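Look for chain A in each of the two complexes below; its partner is chain B in the first and chain C in the second.
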Partner chain A sequence: MTRCPAAQLLRVVVITGIGLWSLAPIGLGVATSLSTQADVQAVPARWLPGHAMLDAYRSLLGGTGDFRAGGTVSESGAFAHAMWNSASVTLMSTLAILCVAISAGYAFARLRFPGRGALFWAIVATTVVPVFTVVIALFGLMADMHLIDRTLGLVLVFVSTTTPLAMWLVCNHVKELPTEPEEAALIDGCTRWQAFWHVVLPQMRSGIAALSAIVMLSVWGEFLIPLLLTSTSASKPVTVLIPEYVGKYTTNYPLLAAAGVLALLPPAVVALVLNRHIRGMLSGSS
Partner chain B sequence: MVAPAVIITAALVVYPLAMGFQMSLESADAAVGGQPRFVGLGNYGDVLRSSTARDAIVHTVIYVALAVTLELTLGLAVAVGLHRAFRGRGIVLAILILPWALPSVVSGVLWRRVFDPDSGLLNSVLQQLHIVSHPHVWLASRGWALTFIALVHVWGVLPLVSLILIAGLQSIPEEIYSASAVDGATPLRQFRHITLPLLRPSIAVALTVGTVWAIKIFDEIYVLNGTALNTRSILMEVYNTTFVNADFAHGTALAFLLTAVTALFAGVYAVTFGRSTT
Partner chain C sequence: MVRPDAASPSGLVLDRVRKEFPGGVVAVRDISLTVEPGELLVLVGPSGCGKTTTLRMVAGLEAVTAGEVRIAGRLVTGLPPRHRNVAMVFQNYALYAHMTVRANIGFGLKMAGMPKREIRTRVNHAADILGITELLDRKPRQLSGGQRQRVAMGRAIVREPAAFLMDEPLSNLDAKLRVEMRAEITNVHRRIGAPTLYVTHDQTEAMTMGDRVAILRQGALEQIGTPLELYERPVNVFVAGFIGSPAMNLLPATLDSSGDAWYASVGGSRVLIPTKARAALQPFAGHDILLGLRPEDFVSTEDLREGAHGVIQATAARAESLGSELLVYLTINSDATTLPLTVRLDRRAAVQQGAPTRIGVDLQRLYFFDPKTGAAIR
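Up next, the complex of A and B:
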C-alpha cells in the first residue's frame, strides 16, 4: 500500500486539507484582529486588513477611548484580569489534579487492596456523567460554603470533575511501564513510597507531561462551569468574558478576534510544545 | 493513596448526583421556598411533553448524527493518510491537534465572522461565485444553523478522533497487508476487508468519544447563536430551565435523562464493539 499512487495522492490531499482546515480559522482570526471595522465591513469581504492595526488589542487590554477599531471596551483591564484568573485557576487545578490522579492511578495500577476493581470502575464511570448534571446540585452546595465566585470553588469543582479521567489515564500509563525497576528497589529495601518517589515517578515523566498538558487545556477551555460559578471579575475566566463581549460588541469583529487570539495563545503554545507527549497519551487512552 | 481521589469523587460528584436525583423527583416549588413534595417521575414526564425540550432533543440528535458521521469519515481519511512514517509527519500531527487544544468558546469566536449575514465571508464568497444572489442569514435558518454549528464542533473534536484512529491503524501488523497483496488484493479491498474489521475497537472508541462530546454540545452554540430556540441543544435547555427560569426540578430531570442516554451510548458501544477484541 505504501507505494500505491492512490495512497500517495491521498496523503498529499490529507496533508493539504489538514493544514487548511486547522490553520485557516486561526489565520483568519489573526487577520481579523489586525483589521479595522471598515475592513471587516467591506463588501465584498476583505480577507486581509489594508494595513495591520493593533488598535483592537490596545482597546481590549488598555480600555482606552480609541474608536478606530470600531468601539472600545469600557472596563479597563477587565480582559487582562480575566486572563490572569484563567491562568491561576488552570495552574492551581492542574497541580491539584496531578497530585490526586497520579497517586490514585498508581495505586490502582500496582497495589492490591480489597474493593480495588469496584472502586476503580466507580470512579471511572463518573466520567460519563455530563459535568453539568453534577454542577446543578453542586451550585447549592457551593453557595452554602460561600464558594461561588471564588477561585477556590472553581478549583475544587475542576479537581472533582477532571480527576476520574486523569486517574484513568495515569493507571493505563503505569500499567505499561516495566515493573522490574520498582521491584528491584523494593527488594533492595526501599519502602513503597520511596520506590514510587525515586523510581516510578521519574519513569512517568513523559506521561506526566502529557497529563499536565491535557488537564491544563481542558481547564483553560472550560466554559459552562465558570459561567455558573463566577459572577464578577474576581474570578471570571477569559472563556466567560469572551461570550459576554460577543453579546456586547456583536459585530466588532476585530475586538472579538483579538480576544480570541489572546485566549488561544496559551493553549496553542502548550499543545505545540508538548504535542508529542499529548499524542502518545491520547491515542493510548483507548 | 486512593483516599483523596475517592473522597473528592464521593463528596463532589456522587453526593451532588444523588442530591440532584432527589431534586428531580420533587415538585418544582422547592426552589421558590415552598415545601418540596415527592412527585416521582412526574418531572420527567413534564420535560418529555414540553415542546422546547422536545425540539432540543431533536436538535441534539441532529448534532450528534452530523458530528459523528463527519468525524468518523474525515478521521478515517486523515488516519489512512497519516499513519505511516514520512518526512514532516510530526509537524503535520502538531498542526492537526491544534484545534482540539483551543477553548470551544474561541473556536466559536473564530468562526463567527464566516457566518455573519452582512459582512460574512461565506456570503461574500458565495455571492462572488454567483451561487447565491443575496446574503443569507445562515444562523437564522434551522437546517443551516445546525449544520454549521456541528461543523464548528467537528473542527475541535476531529483531531482527537483522528489520533485514536491513527493509533488503531498502527496496531495492525504490516504482514497482513503484504500477504494479502501477494494474493492479489487491491488497496480498496484491503481497506474493506483488513483495515475496517481490524480497526473496529478503535472505531468503537472514536464513536464513543464523538457521541459523548457531541451530546453535551453547548459552548459553540452559545457563542454562535446564543440560546436561540432554533439551535438549542439539550444541555442548553437544561441551562435555560435551571438557571434562567430557576426551575431546578425540571432542569435536573432533563439533565438526568441526558446522563442516562450518554451512559447508555457509552455502554452499548463498549459492549458491541469491545467484545470482538477481548
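Up next, the complex of A and C:
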C-alpha cells in the first residue's frame, strides 16, 4: 500500500501535536521542580531554570519551615509516608483484585452453572455506577465499620469498584484462550483447580501482566475516594497530599512540581515495563 | 456389529450413549460400540455428525445424557476425566506452551505423583519410540507441526492408559507428513496395544488406519465394520457414497425384465443384472431403484468384454490424468435429465472428450439401493 506524502505529513503533525499536548505539562513540571521560586515567578516567564537545582526535592523529602517554603509547609517524612501509603494500597488492592478477578473471570468464561449470565452482567453492571453517586453512603458504611483513615478501608473500596471491570477483561481474555490444553490437563490427571494453576494461569501470563498494569495505574491515580476516606498521614496517599501543598496565599511551585514528578515515577515505570502486555490486551492479542 | 455385552471386559465399550445439548439438539443418538484391546476403531463422518462429541464423552469432557461408558471393564460414565485412565491426542496438539517437551510428556506422570527418576525413564522411553529424544529440552513453539504431533503422541503413550482417544490428530499436517504420521500412529498403536478410538472426517485415514470403521451421520451409527466390509457391503446410500474416492456413482434406474434377463435401465443404457442379485430385487421389479457403480469398477471401450461388463452409453465431458490413472467425468443423457458419471480408467485409456463413448462396468460389482429408504438391496 502506498501512502500519500501529504497524508503522511498530516499524520506526523497530528501525532507530534498530541505528543506535545500530553508531554508538555510533564516537561513543564520537571522544569519547574528544578527551578527556584524566583525563577518561577520571574516576569517575563522563564520556561527553563537558570540553574537546575534539586532544592525542591530536598525540601519535599526532608521537610521545610515556613520561611524556606514560600508559605508551603512540608512536614519531614510526610511525602515519603504518603508515597508508601499509595504504594501499599496500590499493591494490596492490585493483588486482591487480581485474585478475585482472575478466579471469577475464569469461572464465568469456562464453567457452566445456573444463573451464570445474569450474575455476570449484574456484577459488570456495577461498573457503570459513578462513584460520586455513592460517596455519602460509602462514607457512612466505612465509618460504621471503623475503616475511615485506614489503608484497609481504601483497599476494600478499590477492590469492590475495580474488580468488576478487571473480571470482565479476564473473562474475555480466557474466552480467547484455547480450551484444549486445559482439557488435556484434565485428562492428564489434573483436577479443575490443578489444570487452572498448572496450565491456564501460565497461558494467561501476558494478560495478567497487562491487567496488573491497568489496575495499578487506576488505583494509584485515585483521588476522590482517598480524599473522602483519609484524614491523616496514617493512610493519606500521595494524590491527596499533593494538593495540600497549594497554599492559601502563596504556593511553592518547585516543591509542588517535585511532588508531582515523584508521584509520576512509579506509574511511569509500571507503564513502561508492562507496555507490551497492555497493548496486547487492549488489542485482544495477548 | 459387536454387542457391548459380548465384548471383552478390557476394551472400551459405549452402550446406548446419547448426548442432548440444551435446547434439545441431539448430537449423539444412542450409539453402542466396542473397541477391543489392541484394536483401532475409527469414527468417521461428515462435520457435525457427532464423532468428536462421542469421543469427548468417552474422555469425560462432555457429560453423557443417557447410556454408559465402560473402559477396561470399569463403568466410568459419571467419572471426571482424570479418573478414567484414558489419554487423548487433540487436533491442535494442545501442548502446554510454557513447558519443555520433557515436561509436556511427563506432566501426566507428575500429576499421578510418580517419582522423578521413573518419570525420566518413561519419558526417555516414549521419546525414543517416537524419535524425539533430541527435542526434549525444547519448547513447543520451537517445533514443527509433525514434531508437535509426536510430542502429543508421547504425552499420550507415556501414561500407558487403558484407552487412547484421538481427535483428528493429523488434520493440521500437510499431505506428505500426514501419510508418514498415519503409518507412525499405526505402528505405535500396534506396539502399545491399548484400544484406540480415532476420530476423523477423512475417509482415506479411516480406511487405511482402522481395524474397523464406524460411520456416523447426524449422531447415529450408520454402519460399523472392517474397511473392506464397508467398501464392499455398504448398508445404505450414505455409507456407499461416503466410502470410496471418488465417491460411488448413484444413478436412478428402472428395473425391468426381458424374457429371462433382468436389466437396470439408466438413460438409454441397460445393464444386465447378475442372477445372484435377483432374489433381493424381486420386490422392485418394474420399479425405480438406485444403481450404485464405483468409479474403479469401469473399463474403457477397448477392454470391454461382453458378458463380464455391462455397457453404458455416455459422453465424456472432462478427463483428468493422475499419472497412474485417468479420471473421466461423463454424462449420461436420460429422458428427463442428465446424469453425471465419474469413472476411473487405466491411464492408457483413449477417451475422446465430447464424443459419445461406450463404457463398461463390472457386472459382479453392482450395488442396488431402495430409492425411498436408501437401504441396500441384497
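Please note the rule applied: the second predicted complex is superposed on the first by the 263 of 286 C-alpha atoms of A that agree within 3 Å, B and C clash if a C-alpha of one lies under 4 Å from a C-alpha of the other, contacts with A are read in each partner's own complex, and residues count from 1 in each chain.
To be clear about the criterion, a contact is a pair of C-beta atoms (placed from the backbone, for glycine too) under 8 Å apart; a residue touches a chain by one contact, two chains touch by 3 or more.
None of these values were measured; they are calculated from a predicted model.
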{"item": "Touching partner for A:V43 - first (chain B), second (chain C), both, neither", "value": "first"}
{"item": "First (chain B), second (chain C), both or neither touched by A:L23", "value": "first"}
{"item": "Partner chain(s) touched by A:P202 [first = chain B, second = chain C, both, neither]", "value": "second"}
{"item": "Partner contacting more residues of chain A (chain B vs chain C)", "value": "B"}
{"item": "Partner chain in contact with A:L141 - chain B first, chain C second, else both or neither", "value": "first"}
{"item": "Chain B versus chain C as contact partner of A:T191, first or second or both or neither", "value": "second"}
{"item": "Partner chain(s) touched by A:P178 [first = chain B, second = chain C, both, neither]", "value": "second"}
{"item": "Interface residues, chain C side, partner chain A - complex", "value": "59-61, 80-82, 84, 86-88, 90-98, 107-108, 111-112, 155, 159"}
{"item": "Partner chain A, residues of chain B touching it in the complex", "value": "1-2, 4-6, 8-9, 11-17, 19-20, 23, 77-78, 80-82, 84, 86, 90, 92-114, 116, 118-121, 124-125, 127-128, 155, 158-160, 163-164, 166-168, 177, 181, 187, 190, 201-202, 205, 212, 215-216, 218-219, 222-223, 226, 235, 238-239, 242-243, 248, 251-252, 255-256, 258-259, 262-263, 266"}
{"item": "Sites on chain A touched by chain C in the complex", "value": "178, 180-181, 183-191, 194, 198-199, 202-203, 205"}
{"item": "Sites on chain A touched by chain B in the complex", "value": "1-2, 4, 6-7, 10-11, 13-15, 17-19, 21-23, 25-26, 28-29, 32, 40-45, 47, 99-101, 103-104, 106-108, 111, 119, 122-123, 125-126, 128-138, 140-141, 156-157, 159-161, 163-164, 167, 217, 220-224, 228, 239, 242-243, 246-247, 251, 253, 256-257, 259-260, 263-264, 267-268, 270-272, 275-276, 278-279, 282-286"}
